[in-house]
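The structure is given below, and queries will be raised subsequently.
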Amino acid sequence: MNLLHLDSVDAGYGDFQALFGVGLTVAEGELLALVGANGAGKTTLLRTIAGELSPFRGSVCFAGGDVTALPDVRRARLGIGLVPEGRRLFGSLTVEENLQVGAATGRSGPWNLATIYDLMPLVADRRDRKAAHLSGGEQQAVAIARALMGNPRLLLLDEVSLGLAPVVVDRLYASLPDIRANGMTVVLVEQDLTRTFEVADRIACVLEGRIVLTGAAGELTRDQVTAAYFGTSEVVS
Amino acid sequence: MNWVNALVQGILLGGIFAMAASGLSLMFGVMRIANLAHGDLMILGGYVAAACATYFGVPVWLTAVVSTVALGALGFAVQRLLLDRAMRVGEFTPLMVTFGLSVIIPNALTQMFSNDAVPLGIGALGTASIDLAPGLAIGWFPLLTLVASVFVLTGLHLFLYRTQYGRITRATSDDSRTVRLIGVDNRRVYALTTVIALGTVALAGTLYTMRQGGVTPFEGQLTVLFAFETVIIGGLGSLWGTLAGGVALGIAQSVGAQLSPDLPLLAGHVVFLLVLVFRPQGLFGKGVTA
Amino acid sequence: MNVSVSRGGRAAVLGVGGFALIVVVLAALPYLVESSVTGQLVKLCYLITLATMWNLLAGYAGMISVGQQAYLGLGAYVLFIVNDHGFDVYTGTIVVSVVVGLVAWPVSYLAFRLRGGYFAVGTWVIAEVVRLVVIRFDALGAARGRNLSTITEDPVLRRAYTYWLAVVVMAAAVAGTYLVLRSRVGLDLQAIRDDEVAASSLGVRVTRGKRLIYVLSAAGCAAAGAVICVSSLGVASPTQIFGVQYSALMIFMVIIGGVGTIEGPIIGAVAYFLLDKYFSQSGVWYLVIIGAAAIVVSLYLPRGLWGLVSRHGRYAVFPVAHRVLSN
């Protein structure tokens, strides 16, 4: 069953259009990785799905309903959880308070303080620290944990590895199987192709605001994806 | 003993300033709105109480409740109808809107009640006091207001740090766009913030009116300065700083009055300016100063 | 693509020429019309001066003040001192401007410790302090206000001189604002207004520019205060001349007319002048409506009346913004 479906979405900021006729389908329980160069429109796409940005044209359907007109607040309560670029933690709150606030979606599910602390011992360790005083990797872990606390059906992860040491990124990715164990659907943006091929069920390549290639991770080759990434050859999706 | 008395009276006076200032501090903390009408809303709260007692025979203790509820409701309307929009229009628009309110409120009150004071008497409680020593007495009512303001500040503190809605309010203060991603409508947080701010300032205005025995329309032009001075002296973002700021301002005014009957206002302002020069972050605060 | 930068060219010449013509006509009026008309125009002139000075602070340097009445009142009271020491009130007004400007300079160090809404209230407190200090001087009439000691005896001449003083002060305020904004400082300031963080890369020039504007605005408000003092032969009460209602007035005029343009405050002043002339008898409801109008305009017409006329800034009588033209 499809959880998310985008149909010919145009979106952008003011006069600047960043997405052109994007169509995308994500099945329940699937992990889709978005691949593309900086400025290709990946973050814009995630923000459009989360409702932070409303599209100029086209539609966004989630869990069988049209959510195009719904603001971000309502979409969060329906179960779309975004871990935004730059983490955007509540700096004056402690780690635990950040997580508690994350439960404000009012959704029930497997994730609560106990299960999160169980999954991420590092976050449990830091629970009484102010979020502003954490390292980059710790902040990213808390940002993911905060989104999980809302028990979303669809988790959107925007470049969790940005600016982090590889060993730290390994640790973050290590919790991904547990996160998916309950059937959580995930869309993530990742620059590292090796990592992308390791975790993704399917891959979609974004080039200059268009989706130029999609396919199951097992059926695509690195060369195909690299070509789509740089736009060096014509590819048909 | 006169000086000790001035000190004690100043501390008692400071309670009202602190209670009035807490809502101002809260609105600025959550929405970055400096409410220039805060003093006039305080006086409006006093008017609601005094009018209830004078014209409708409402029991005096109940007027405080009526006033708090009425101004809380007004706060909801002001936030939804004016301030939400103002925050979208421009950086200084909320300031202009609250300034507009500060012109409307006292003039409308003058039109309705004239420039003469509307009385709000509290009978024997107004003069009852505990004699500690010759020349040193603590009035029951001023003591009651200090206790009430400690209650209000403690309540606010517990709300902000011990409840889920309080955590959400602080999160909204940190980042109003990100809370939306976890299902929090920041406009509801704003509405609640303004309801609390106006409710508490109405209670402060009612106690202020009871203490003075009545209220006149333009006193808000003074009380708004007291409230702002309290916040800056105490330091922004600290509720206990607000209490300390109120007490410091109260002592300054009361000691000033001891020096000369025409000095209390000037003494208060001078203490404020001295804090600005020598400790711009306030006594306890992190500071919003340049 | 050919790109050139324009700042009004021909329109600017027309605007400045037109303004000069209006000033000349205004100056000739005492020979042409009755003194009751010029008496009214004195008020219009100081309203335009005050609105222009408030706009200089808020519209160009992003400083919202609720305390310019400090300098307005000081203008009147310094005029008493200057006048007592033998200056006539007309040349005395120049001295008053300079003196009050010099007072405002150190005060700015205090006021600039606060930002945004807290700056606004800080200026208000400063105005209260100035009032409370001034009324401690018996020679200045204490809390009672006082009259000017020497004024022109002949009433016809006095009215004409007063009027000319008001016109000169108004013309100087508008022309001075125009010149400041077209200067290097003016460009820096418009950069601050648009983005303080980016503009802070301009370094100390930003603070220096804001300080200069603060001092100039104080000097202008002082001159307006001196005009008010001369036209009413003194100050009826310090509470009135140092009253926050003058700030309300300035804010109202600038918001109604349009903040951040030279034309806006002038239009706003004319609008208020007409409102006041025809509706001020209707009691305090009139003030309630003034407050409500300021709220409605700032919410629904943030560029004011001039914004409507100029169609979002495409036309300007006093062009101060640079415009990139592609040919």
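Which chain is which? They are A, B and C, in the order written, and residues in each are numbered from 1.
By definition in this document, a contact is a pair of C-beta atoms (placed from the backbone, for glycine too) under 8 Å apart; a residue touches a chain by one contact, two chains touch by 3 or more.
If you're wondering where the values come from, they're calculated on a predicted model, not measured in any experiment.
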Per Cα centroids, the chain farthest from chain C: A
Distance-to-centre winner among chains (Cα means, whole assembly as reference): B
Centroid distance [mean C-alpha coordinates] between chain C and chain B, Å: 32
Centre-of-Cα separation between chain B and chain A, whole angstrom: 45
Centroid distance [mean C-alpha coordinates] between chain C and chain A, Å: 54
Sequence positions of chain A contacting 2 or more other chains: none
Contact set on chain B toward chain A in their complex: 164, 167-168, 170-171, 173-175, 177-185
Complex interface listing, chain B residues touching chain C: 28, 32-36, 82, 85-86, 89-93, 95-97, 99-104, 107-108, 110-111, 221, 224-225, 228-229, 232, 265-266, 269-270, 272-273, 276-277, 280, 288-290
Of chain A, residues touching chain B in the complex: 50, 52, 71-73, 76-77, 81-82, 84, 88, 90-93, 97-98, 100-106, 146-147, 149-150
Residues on chain C engaged by chain B in the complex (per definition of touch): 58, 62, 64, 66, 110, 112-118, 120-122, 124-126, 128-129, 132-133, 244, 248, 251, 255, 283-285, 287-288, 290-292, 294-295, 298-299, 302
